[in-house]
Amino acid sequence: MASIRLERLTKVFGATRAVDGIDLAIPDGEFVVLVGPSGCGKTTTLNMIAGLETPTSGDIWIGDACVTDWEPGERNLGMVFQSLALFPHMTVFDNIAFPLRIKRVAPEEIASWVRTVSDTVHVGHLLDKRPATLSGGEAQRVALARTLVVQPSVFLMDEPLSSLDAKLRVEMRTELKRLHAALRSTFVYVTHDQAEAMTMADRIVVMHQGQIQQVGRPLEVYGDPVNRFVAGFFGVPAMNFIEGELRPEPDGARFVTQSLRVTLPGRGGGSGPAVLGVRPEHVRFADGRESWPATVSLIEPLGDETLLFLDYGGPSSLVAKVDVEEKVAVGDRRSFTFRPDRVVLFDGTTGGRICR
Amino acid sequence: MTGLRRWLERERVFRWLPFIPVQGLFALLLFPNFLLLVYLSLLSWRITRGTWWNAAFTGLDSFQRALEDERFLWALARTFGFAAAAVPLELLLGFGLALLCRRHFRGRRFYTTVFLLPMMIVPAVVGYDLSMLLIDQGPFNQLLSLLAGRAITVRWLSEYTPAQLAVIGADVWQWTALTFLIFTSGLAGLPEDPIRAARVMGASRWQIFWHVELPLLKPVIAIAVILRSMEALKIFDYPMLLTQAGPGNATETVAVYLWRVGWEFARVSDAAAMSLVLLVVVAMYSFVAIRVLRRERRRLAEEGVA
Amino acid sequence: MRRGRRKLFPLVRHALLLAWTAVTLFPIYWMVMTSFKHAGEWVTWPPRWFPHEPTLVNYVKVLTPGTSTFELGRQTLKILKPIGDSLVVSGIGSLLAVVLGSALAYSWARFGTGGRNYPYNILSIRMVPPIVIAVPFVVYFVTLRLLDTYTGLILVYVATCLPYVIWMMLAFVEEVPVELERAARLMGVSRLRVLRSVVLPLTASGLVVTFLFVFILNWSELLLAITLTNTEVSTLPITLNKFQSANEGRDYGPQAAIGTLATLPVVVMGFLIQKHLLRGFSFGLLRK
Amino acid sequence: MKRAFGFLSIAGTVALLVAGSTAASAQTPPGGTADARAISGAKAYMQAKGLTSLKLNMMMPSIFTAGSTLEMTIFEKETGIGVNYFEVGILQVQAKAMSEAVAKSGSFDFWIGDPISLPDLVEAGLARPIDDLVVRGKADLDDIVPGFQEQAQYKGKTYGLVADGDNFILAIRKDLIEAPGERQKFKAKYGWEPGCPDTYEQWYQLAEFFTRDPKGTGVPELYGAMGYRARGWGWRWWLQQFYAKGGMPFDDGMKPLVAGKEGVEALRDYIALTKFMPKDILGWATPQAYPFYAGGNAFSIMTYPSIAIAAEHPDRSKVVGKNKYCLVPGYVVGGKLVRRAIQGYGNIFYVSNYAKHPEAAYWLSQYMTSKEVSARLVAGPNSVYDPYRKSHLTDPRVIKARTKEMVEIHLKNAQVMAPMILIQGAVEYNDALDLNVQEALLGKITAEDALKNTAAAWEKITNQIGRRQQIEGWKALKAAYPTKNVPD
């Protein structure tokens, strides 16, 4: 079992800084998900942890050891690749046995280990097959088994579920979660899929342009994003952003656009260009002091909830998520408001969060 | 015009169209040639004896003579010997160099450029270029003397074994470029993830090479062996230019000997019979080699998408 | 321990690579240097590694038609015609082979035309040593009136190169995702148009690599050329073949000049497409 | 670009023969000398054909081109008949000619080739008999030193015009022999005054004495002897020695005689002498040997007469005027000295049976080999043509290029000149001999075995070609062997 610590980790490819001096501490046994759009540096970070890439500068600690210069094999890691990286020329058995053979485990022991592990992930009946003949889910399990068999203290996973279809992916999420619960090893999981991050992670590390934007538990990251990027990255449909101006008021602040004036009681803060963020589920119909008229321009029923596109006079429509019970039709004119405690504000120029 | 185009668009036309000229070329150019070869081999015709279409049929006489001709059998054995010496060397050197040049490092482009050069030189040029280097008081011996620290005066072109080494060396020098190229391509095309997976599992470089890379490269190695050995069995230019197939018959390859029998000794039927014997021997070899290749390729098709 | 290895390995690697660089360059260096030497420096002991007075006289000799160059003043070299003939024969032959061979490779890869074993059967054609067919070829070619003609030699080169072309192009064609073509077909693009606007651009580098390789083979071919030509056609290797060591082997300077000239065009081409060369020779025999 | 007749070539051949016979009955062209007749003959031919210019195709070993093209240009100016030649390696003439014999394509009208390939090329139907044209053009064959013209005859017909009087000559370094002290030292050691050797033993002694390796490096500063030992060449040198032993290649029933005592002894001597030769000699022929000798690196060389051109070349030779040209040495057989020279190569202008313009090709050949033009060719600085006419002996141009001594000795050697094996299959006979001689030279097999193998190979060749036919050819050739043992 091992914790992981990254110190000022940097990787430069030519002119681009793929990973730009990140610090991160992952306690032992945690399920951490590195998430971000493609090119954000998450895979590079993972590869550096694995030892597949040498950092340009900075250090990596696993447990109490600085492993920056260690060979990947010396780090006692398990890794599952996006392509699964099963050896196409070996049978399933040989694939799972391979890491043990590398460690020169005795053949009888290998056989029993392989059997145990393959039963754990339910691939015991596939041992004689070759990878190419397996279905996506089976190949996935074999890749897992192959990683499990050496009982690594750290599991690294590079988008392992991305090649599966939607239903299987959801199933495998649960299974991985269960596996983590059973093993209590450290999991570092890379994905660009926010749903995977939300559902599986103990903590989420959001990366963008080689830097860590935010580290936190899923609901923290969702509900309390530190900047506009993080706010926009999570949530389907995405958070509504409205550009306007912040003006100080005696009792708080006021956010003003051409068509909206939102009073934000109890919030201090400066003035100047700002962006107001509100998630669709926090937009609701209400008639009252702080409400604004809008026309329903589009309706997207999701089944459990309904998405409405509201034209209120701003440059783009506002998306609202409402209960299915709500009776609306395209062309209806309704008044709406925001849940004031859920509204977030970002600096108009830096995108940083202002006045929490 | 549109009619033609529509006709071309029909799948049956479209897919068979390239086959017509190719098969036509083989059928009109190579096949009659082969029949003629067989026909000639069944005569006892020599150029100095009338015309071939009037020559009498003598059955398998020419074949008997061919199989009793020790010089022919030796030339055959020698040719295979040259191939057996040159091809593995080329493969090993090419593979080794390709491994060394595998990752990016400063100077890689320079090395790869240089290593490809020999392949682009006409073998006839290689032949006399070496004949210039290998004279007993030539630069090659000087270089060897410098390295060895004592005078070395090997007569590369006029002693038995050294002349054979010279021919093998010429082939190795020139065609290691091709094996290097094939293996460089092969290594560059290897899938990254299985190798990374093995690294993470703690496999050593050697273990990765042996258990992962080599098996994945097997089909590429197979084609390199096939291409190189089938070319090596044709060696003609180097002995012709370096040693005149001498000294003695040290470098008389089967191609050179057949050239002599056919054109210098005028024994066309004998040459034809020997050609057919050679063809059979080469065909046996290629049959095995191609089977291996076919098996590898088929397996590849089945396992390709992992 | 890894830091130590990291320092040592590049050194070892450079040492090994430099060793082979030396082996590779030594004969080429010697040839190029000799081509700039005066006759007195061709053979000396100890050998001269640099010409004392570099001269272009050898090049002038070989490029001026009908000049006598042999050391004893006996030999006339005609180099321009062989270079021209070689360019024509190898160029057209290779081009035709590439066009036919790649079309065939495409047809086989996409439709399986010719059956499963077709590429293997065709590979066995390349295995036939040219000397085997040389004698009947003369008889046959003369009846076809193809002996000593450009057409004849070109046809022979096309036939003997096709196996290489087909094998190399198979790999490149198979790399083109069939979905792309299907998508284009669904959009109503004709088969020929798909070839031109989807397959051709995606296999362009492969075509170039294949062409170059086949060109090198044809540019170098001696045995069939010398058998099938007389006065009308005379390729470079035939000209070079006259310098057989014992018979006219000592005309080193002009020989080296010819050698250098004969090598130059191919090397330049090879250099230009080196990047593609280095990726194009796995014959589609790797798992993706 | 008309091509051959293919299957119809028999008809073509017949037509040519008919044309040839009518030509024979035509009148001798005007002119006082053979070259003048050739020119007027050629002009008449052009007129008859209504042509103003004509390019003949010619195959030529590449080392002959530079020496020949100048004269060809003159001929073209006079007659409009030019030459479009293609070069081949000197040992590939046979192969290319054979291929033309099969192809019957007419791709060349005539060629320069050696006499060894003559019997085969006649039998193959490529070489055209030219007796008719020789008679008509009154070629000056009478001037040719006996022994040379015979090379162009086969089964009673003439197939070519001789252009090159090749037999061997021995050149030694006069200056070294006459150097102070050397004579005495030599005489004290071997008991005779150093000079031209009469026997191979004496040549051996000279070679041994003059091999100079003061530093003992194994790379002498001066090599005692040179002769050709390369593949394709060396057998001639052995054959000459064998003839001097009194050997004959075959008996009257074509049984090989090479493996007898004479052969083995000659081969041992041949091998023994090699140790005084440059190390690479097994890969050397003229292009290597001549400059080496002319560079002053060897004491003696047994080779073609054209060595004089190299050795006496004012710019390229370091040994101008320092050479002594000797009669070929011999052996004492039955108490009498027997010297034998061999027709070491020899070059002939042949006309192809499939030529498009055989007559024009002939006229050019007659021009090139006429008294006057041949003297110019023999004397030319680029020439490898050696003297073969009595008139060359006195021609000042030839003497200037070669020295009088050399020309005289050369033609004296011709008196004891023996032919090579000029019967059908000659190339194959020679190749078998060459191969085995070289294997013995390399120490791969003993001298006895080498010659036994040769004899066995020869038997096989004879049987395959047809013994009766070969006996006939051999009988005819035997007449060409010299009866004189020592030249006058």
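As written, the chains take the letters A, B, C and D, and residue 1 is the first residue of each chain.
Everything that follows uses one rule, which is that a contact is a pair of C-beta atoms (placed from the backbone, for glycine too) under 8 Å apart; a residue touches a chain by one contact, two chains touch by 3 or more.
If you're wondering where the values come from, they're calculated on a predicted model, not measured in any experiment.
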| item | value |
| --- | --- |
| Minimal step count in the chain contact network, subunit A to subunit D | 2 |
| Chain at maximum distance from subunit A, centres defined as averaged CA atoms | D |
| Most heavily contacting chain pair (counted by C-beta pairs in contact) | B-C |
| Inter-centroid spacing, subunit D versus subunit B (mean Cα positions, whole Å) | 39 |
| Centre-of-Cα separation between subunit C and subunit A, whole angstrom | 54 |
| Per-residue overlap in subunit D, given as positions that touch at least 2 other chains | 7, 91, 96, 99, 102, 230-232, 283 |
| Overlap residues in subunit A, where contacts from two or more other chains coincide | 71, 88-89 |
| Junction residues of subunit B, two or more chains touched | 52, 131, 135, 137, 157, 191, 216, 243-244, 259, 263, 268, 303-306 |
| For the subunit D and subunit C complex, residues of the former touching the latter | 1, 3-4, 6-7, 57, 59, 62-67, 69, 84, 86-92, 96, 99-100, 102-105, 107-108, 230-233, 283-288, 290-291, 309-310, 316, 381-384 |
| Complex interface listing, subunit C residues touching subunit D | 66, 68, 70-76, 78, 135, 138-139, 141-143, 145, 147-149, 226-227, 230-232, 234, 239, 241-251 |
| Sites on subunit B touched by subunit D in the complex | 46-49, 51-53, 65, 71, 131, 135-137, 151, 153, 155, 157-160, 243-250, 259-260, 263-268 |
| Touching residues on subunit C, where the partner in the complex is subunit B | 10, 13-14, 16-17, 20-21, 23-28, 30-31, 34, 42-43, 45-47, 49, 100-101, 103-104, 106-107, 110-111, 113-114, 117, 120, 123-137, 139-140, 155-156, 158-159, 162, 167, 190-192, 216, 219-220, 222-223, 236-237, 240-241, 243-247, 249, 252, 255-256, 258-259, 262-263, 266-267, 270-271, 274, 277-283, 285-288 |
| Subunit B residues within the subunit A interface of the complex | 191, 193-194, 196-204, 207, 211-212, 215-216, 218, 302-306 |
